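Letters are used for the chains, namely A, B and C, taken in the order the chains are written, and counting of residues starts over at 1 for each.
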Amino acid sequence: MARYIGKRLIYMVLTLALIATFTFFLMKILPGSPISSASKLSPEQRAVVEARYGLNEPLPVQYFDYMFGLLKGDLGISINQFKGANVTDLILSRMGPSAQIGFQGMVLGTVIGVLLGMIAALRQNSWVDYSSTLVAIIGISIPSFVFASLLQYWFGLKLEWFPVALWKEGFMSSVLPSIALAMLPLATSARFIRTEMIEVLSSDYITLAKAKGASGFEIAFKHAFRNALIPLVTVLGPMAVGILTGSLVVEQIFAIPGIGEQFVKSIMVNDFSIIMGTTIFFSVFLIVVILIVDILYGIIDPRIRLSGGKN
Amino acid sequence: MEKILQVKDLELSFNTFGGEVKAIRGVNFDLYKGETLAIVGESGSGKSVTTKSIMRLLPEQSAVFKNGEILFDGRDLTKLSDKDMQKIRGKDISMIFQDPMTSLNPTMPIGRQITEPILKHQKISKSEAKKVAIDLLRLVGMPKPELRMKQYPHQFSGGQRQRIVIAISLACNPQILIADEPTTALDVTIQAQILELMKDLQKKIDTSIIFITHDLGVVANVADRVAVMYGGKIVEIGTVDEIFYNPQHPYTWGLLSSMPSLDANESKLYAIPGTPPDLLDPPKGDAFALRSEYAMQVDMEQNPPFFKVSDTHQAATWLLHPDAPRVEPPASVIERMKKFPGSRYYEGGAV
Amino acid sequence: MTQNLEKMPKGSFERITIDAEQSERISKPSMSFWQDAWLRLRKNKGAIVSIILFTLIVIMSFLGPIISPYEPNAQTITHANLPPKIPVIENLGILDGYGTLGGQKMDIYELKNVEVNYWFGTDGLGRDMFSRLWKGTQVSLFIAFVAAAIDMLIGVIYGGISGYFGGRVDDIMQRIVEILTGIPNLVVVILFILIMDPGIVAIIIALTITGWTGMSRVVRGQVLKYKNQEFVLASRTLGASDSHIIWKHLMPNVLGIIIINTMFTIPGAIFFEAFLSFIGLGLQAPDASLGTLINDGYKLLQFQPHILAFPAILLSLIMICFNLIGDGLRDALDPKMKD
């Protein structure tokens, strides 16, 4: 297990270094300097500005400066969206709302999805099963921005149950975006758990549990549920990716002051240090999530946990 | 002897996409207290389905009782509610399955899997149940049972896992133990150990066993009586000696002839020609007739009734009808019959 | 168990010989794998309805811009922001050209003095939504299909080589894939779009730059599984060449999973195109795709919900169709599920 984690960590660092390098050089060959797009400067002023941001240094120097900064957690300085602000601080200051709706969406989606999938598997080919399959197909098929617009139009504009796009009413403001983000994990986990449960329910050890005299409830919860739930961990990674992708548009739609909204804005105005910083932040986040998920899988599945030590 | 279980005219079908599969087509047998009844037959003969239907372990949506009853303790198991059935499973009737690698829950320590039926059916505390479980593990020959209680199934070998499954099945001292090919998935050496263990345990706890297998060698080793199944029916039933040394049904002849033996002179192993009948559309008369070299016109038209050979021995074949022509069984079967007092080929001596 | 000793009819106990053929009769007609799969797919109502619906959508995406009397990009400012109006159906009280203006429901066509009908209404620049919608569908589907085809091509070749040759080659190729898959797809796509001129080609390249890794993994896994199976070893023992083994033995077995996987890449590509357009990285005006149409529509959600409704519904329908077809194919082609 330790060797496995070690190997994974090395890959992680490699991947991140690659992404950082890649991002850095891509930004350098980006058409149009960020400064020229923002304001009309005389060549002298321009040189002053460039010097301030270290843009006059030779490329390798800029590169190593950037990489060393990264090691210290410094993602650089914003160039034109928030002049002079530290990108790391900008991202951190916007983490709250993003984390809140992301977490709420993930928990809401997974819990409801697991329940739906369970019921569908236990009542195979019933109306519950069919409607849960339908919900799952719709959840996987309808893009989050369409779903978010729909929610906003219906519950925000028409029914006026929730604020349309205002991050000022605390929890109430977070309800619609969380639901919009929850759709994908809900659909994914419902489908996943249904398939797993059906497979587990037809396995020999469930028949043996029945032969011991266990009731339907005990079989579903004591024996089948845990075995069906463990592999769900493997799709947590892709689900986190989905939430992150979704947050870019959902934050836009509901005007949430989160990282995604800031990222999309910085793309519009070519603020490449924010783009770079956020890209790296996202990469670190996703790679760490996937690593944690893999390790978690090893911990909760006794088959891997106990044999992992040997090989 | 006391009859502990009676299966009467049992008929059961599976509803499938292709239509109704008549898996059991009128099965009758009794199980006596303390005996081991072996049910033999090839895959698809209905032996497993019969025992699973006793336990009501078949999927309720597709498996339907068409006729007959299963009497246990004065009650018809086919008509019990799920709740009542749960009280019988694991307590009065328990079961051992074919593949020990898959019949234990991979994410539950084996200790909990053994105590589960004890806590379910007996009013004792958790710590007492644990003690019982440790005793059971010791009984089935598991070394260091205290330490192994906390371990998970994948930490045991196949043979050890089957011992655990046996321990689970014995947890509540059942009156009937159903063993569904318990040794098929194991290595030959382990097979022998498990069979020895089961014979041993039966002596100790006096339970009745229904032993399903397709291995006649195993049957000879463990059974008191044998029922031969073919095409969803029992075609011959008798004591182990009667079946092995005075078989009457051509299918039993086929089975016995295809059993390899060390002293046989034939260099070629006998195989029953053809394939088992399609139970979606079972043949009208004797299901085995199409594969039998002894087939008669009546076999194609009418289902043979049971003919009595002795008080304990019956066979369903038209060959036993007084009007039927005399036929010669295969040579290897005649060799066997020569040793059986009462058979028409008896030459003296004892089996 | 009664002794049945009644007299049997004469001739009952005549010995008969059984035709060996008869006892071996096969009740099911034999079918090739693909016939079998097709039969199973045909039973899946959702998949069949989806195939029909999707075919209609494809046909409309070509026919739509032609049957509409208006060009997709033609602007008629005086006809801006008209609600949908379809002859015949308008009599039902829906799609009748009525809209809310200043809190009052009225016939916008009459108000603006428009004599003609716009079936799906017009946008803020007076462009016909009907022809724009189908043109946009055409573009979205084109991007998705090309991206999926490229993914499939690279993925199959890469995965096939890696799996078939194994050893060192496989080792190196897999390390590369491992690092590539470590990079979040979203990040790669956005970065590539940023450095290229926005447009169809940029989107396709961005989608395929790491998109093929999924397919390559699946193909490699399958090839590894099959290449050591007895039928392949037997063929090799008989002196079959690599190309014979690949085309005659491996391909037919791997094909099913390639098709299934592609069926799931297409909706993924459609989604990403729409997603990029929605955050402003997609096609540039005046070109339309489903994503840009949704983006335009979203901006006018409060006042002109129909502009969002049509592309959003169509996009969702296409996605649902593909997922259902994919599910259907998976069930039909996966021999594990065979009854």
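As a working rule, a residue touches a chain if its C-beta (ideal position, glycine included) is under 8 Å from a C-beta of that chain, and two chains touch if they have at least 3 such contacts.
Computed from a predicted model, the values in this text were never measured in an experiment.
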item	value
Two chains sharing the most contacts, counting C-beta pairs only	A-C
Core chain by centroid distance, with centroids computed from Cα atoms only	C
Gap in Å, rounded to a whole number, between the CA centres of chain C and chain A	24
Chain B and chain C, separation of their C-alpha mean positions in angstrom	51
Centroid distance [mean C-alpha coordinates] between chain B and chain A, Å	55
Residue numbers on chain A that touch chain C, as the complex places them	11-12, 14-15, 18-19, 22-23, 26, 29-31, 137-138, 140-143, 145-146, 149-150, 152-153, 157, 241, 244-245, 248-249, 252-253, 264, 267-268, 275, 279, 282-283, 286-287
Residues of chain A defined as touching chain B within the complex	203-205, 207-216, 222-223, 226-227, 230, 301-303, 306-307
Residue ranges of chain B touching chain A (in the complex, touch as defined)	55, 57, 82-83, 86-91, 94-95, 97, 99, 102-108, 116-117, 120-121, 152, 154-155, 165, 168-169, 171
Of chain B, residues touching chain C in the complex	16-17, 28, 273-275, 278, 280-281, 289-301, 305-308, 314, 318, 321-325
In the complex with chain B, residue positions of chain C that touch it	1-5, 7-8, 11-18, 20, 22-24, 27, 339
